[in-house]
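For clarity, chains are labelled A, B, C, D, E and F in written order, and residue numbers in each chain start from 1.
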């Protein structure tokens, strides 16, 4: 297991209506222990997973959105969000919660984990992986 | 249970990829014994349920398309198929299997059960029901 | 008014069983009757007493069992859908030669006729699915 | 070549477990290795030994169990996904204080690490889902 | 005689909302629940379609579902009303039938 | 370095095929399986989109799935190739990775 592979977790579904977003996150957290090169892609309805201000008291389902903010502690620091997907949904980066990590290669400076990319860039990212897991 | 209600079974999903089409048909067959006023609506991908020439040997799932042809024996004789849904899918009535019934009020003449209707007519049919079951 | 409710999707995977639960609770609190809830398709999986959700999540099966107990709601699991998906009560397990059952208290297995009957006998029917 | 396979949806409801079965059979027949199949989300429900499909339909669980036996495929059911959905083996049932288990022969319950490990150790990973 | 239509799917993921709107009649009501509430967002690729229909059809969102998803009231299209589960029950009672667009 | 994309949803029901085609690169392959095979039909609302992409991307349908659904070969778009499960396996082996558009 010394080989390092590029893992991409592709998130295309909204949270709460179905469990895929939550169970995707559970894989990411466990996967972090394997020290692979991990990226997360949020496109189509997957971008809704990152909206800020989620409050699930009314539906009685656990709010797991704070967990995204903890990903930096697991050294999961590349969250690619597709611009076109945001646009179609009337969202901007401002509607998403801030997710940051401390860059150990840059004097632990706090940097944003969310990187907004174009559809073409997202296609490039997808084409650069060893393993693609879809949720 | 002497009251007769209008029941509409709404079929909007394709067969085999998911089980909804089959399990909808199972309800229709059981429901026939209750002597209600039954109609079936096929719209959106539901129109694919009625295509002719289905052969499921390769996928190892039971072919239930012949069951639609038996509906007449259960006095289920109103199968409404939406024209616009056919058009969007490149289908015509010719691509669907023939489903017929014998009209007891007309000297047992054989008549088609499939009635192609416009979207506006489908909306009228939906608005004329007591109970709508969606699959 | 009498409401009939259909649940078509399994617990946790889809929100349907949660939304239906809040709806039925509200309907009863507002003085309506909900004589029966019918579990069809993957909805039959809601009835499993073997479910062990994380401690900080709701227990969907237990919520329904409590509702049945407190308000006399008849929770009917479709037998044909249940057999395919491995949901059995003690009788069914014996009849099918299976060594275990998994249906929780408050749920009963019966035929699709109960769905049609619910449609006939209630004033409104609401389906929660996928 | 080594293939890893993920199944994300339950039996009968979605075609995923069927398509995956035909795919794995073909892969093995063509001389590839399929060391492991990982069942996640509702895919865990494929492992139920309590399933009783109609006699004229395929038995999805038995198909997988046979494949595991004949070709040594490691059928891993995700423990976290399984607990929520009421899929337990004897050990888990005892640990959780449940009075029954329902996992079929040939399947074993384990953690999500087995999915990642499969991704690392195989040449290709294919997901069948909804 | 009117119908309550419920839509529980995101309009960006499936065609359920579009099909619902194409089949509902003047005086009907549409209630967006679960992932369906995204159909109530302003400024989206489907906003015009929804806004157009909002003249002849009453459109609601289930507030518990918009809150869960972080959709503040000021992000929703004008004229869309939020209801709680009690309001959902009232809508079912007040219309002659309920049709679920699954 | 190229990717095999699988699509298992009807393009009339969900946006998966459209999203897949918008993200695949020249030289990639798209395999339509299960309800995804409807994307291979000629004369549909999405046929132009698929036909357009078929120049730069190889498009396949799983024959067992087209046959199950009664889609005769002459109803499919030109240039779309049918494969059996063995062909599916070959496609997975021949591309560097497989991405499932669920």
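Criterion: a contact is a pair of C-beta atoms (placed from the backbone, for glycine too) under 8 Å apart; a residue touches a chain by one contact, two chains touch by 3 or more.
Everything numeric here is computed off the predicted structure, so don't read it as measured data.
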In contact with chain C and chain D alike are the chains A, B
On a CA-centroid basis, which chain has its centre farthest from chain E's? D
Would you kindly say which chain has the C-alpha centre located farthest from the C-alpha centre of chain C? F
Fitting chain E to chain F on CA atoms, where both chains share a sequence, rotation angle to nearest 5 degrees: 180
Chain A and chain F: spacing of chain centres that average the CA atoms, whole Å: 27
Distance from the mean Cα position of chain E to that of chain C, given in whole angstrom: 26
Among all residues of chain E, those touching at least two other chains are 8, 12-13, 15, 34-35, 64, 84, 97-98, 100, 102
Would you give the residues of chain A that are in contact with at least 2 other chains, written as numbers and ranges? 16-19, 44, 59, 61, 131-132, 134
Which residue numbers or ranges of chain D touch two or more of the other chains? 12-13, 15, 19, 22, 41, 54, 57, 125, 127, 129-130
According to the definition already given, which pairs of chains are in contact? A-C, A-D, A-E, A-F, B-C, B-D, B-E, B-F, C-D, C-E, D-F, E-F
Chain C partner contacts - residues on chain A that touch it in the complex: 16-19, 59-62
What residues of chain C sit close enough to touch chain B in their complex? 6, 40-41, 80-81, 111-113, 115-117, 119-121, 125, 127, 129
If we count contacts the way the header does, which residues on chain D are in touch with chain F in the complex? 1, 3, 8, 15-16, 19, 22-23, 25-27, 29-30, 32, 124-130
Any idea which chain A residues touch chain E in the complex? 13-18, 44-45, 48, 51-59, 61, 63, 65, 88-90, 95
Given the complex with chain B, which residues does chain E contribute to the contact? 1-3, 15-16, 19, 22-25, 28, 97-102
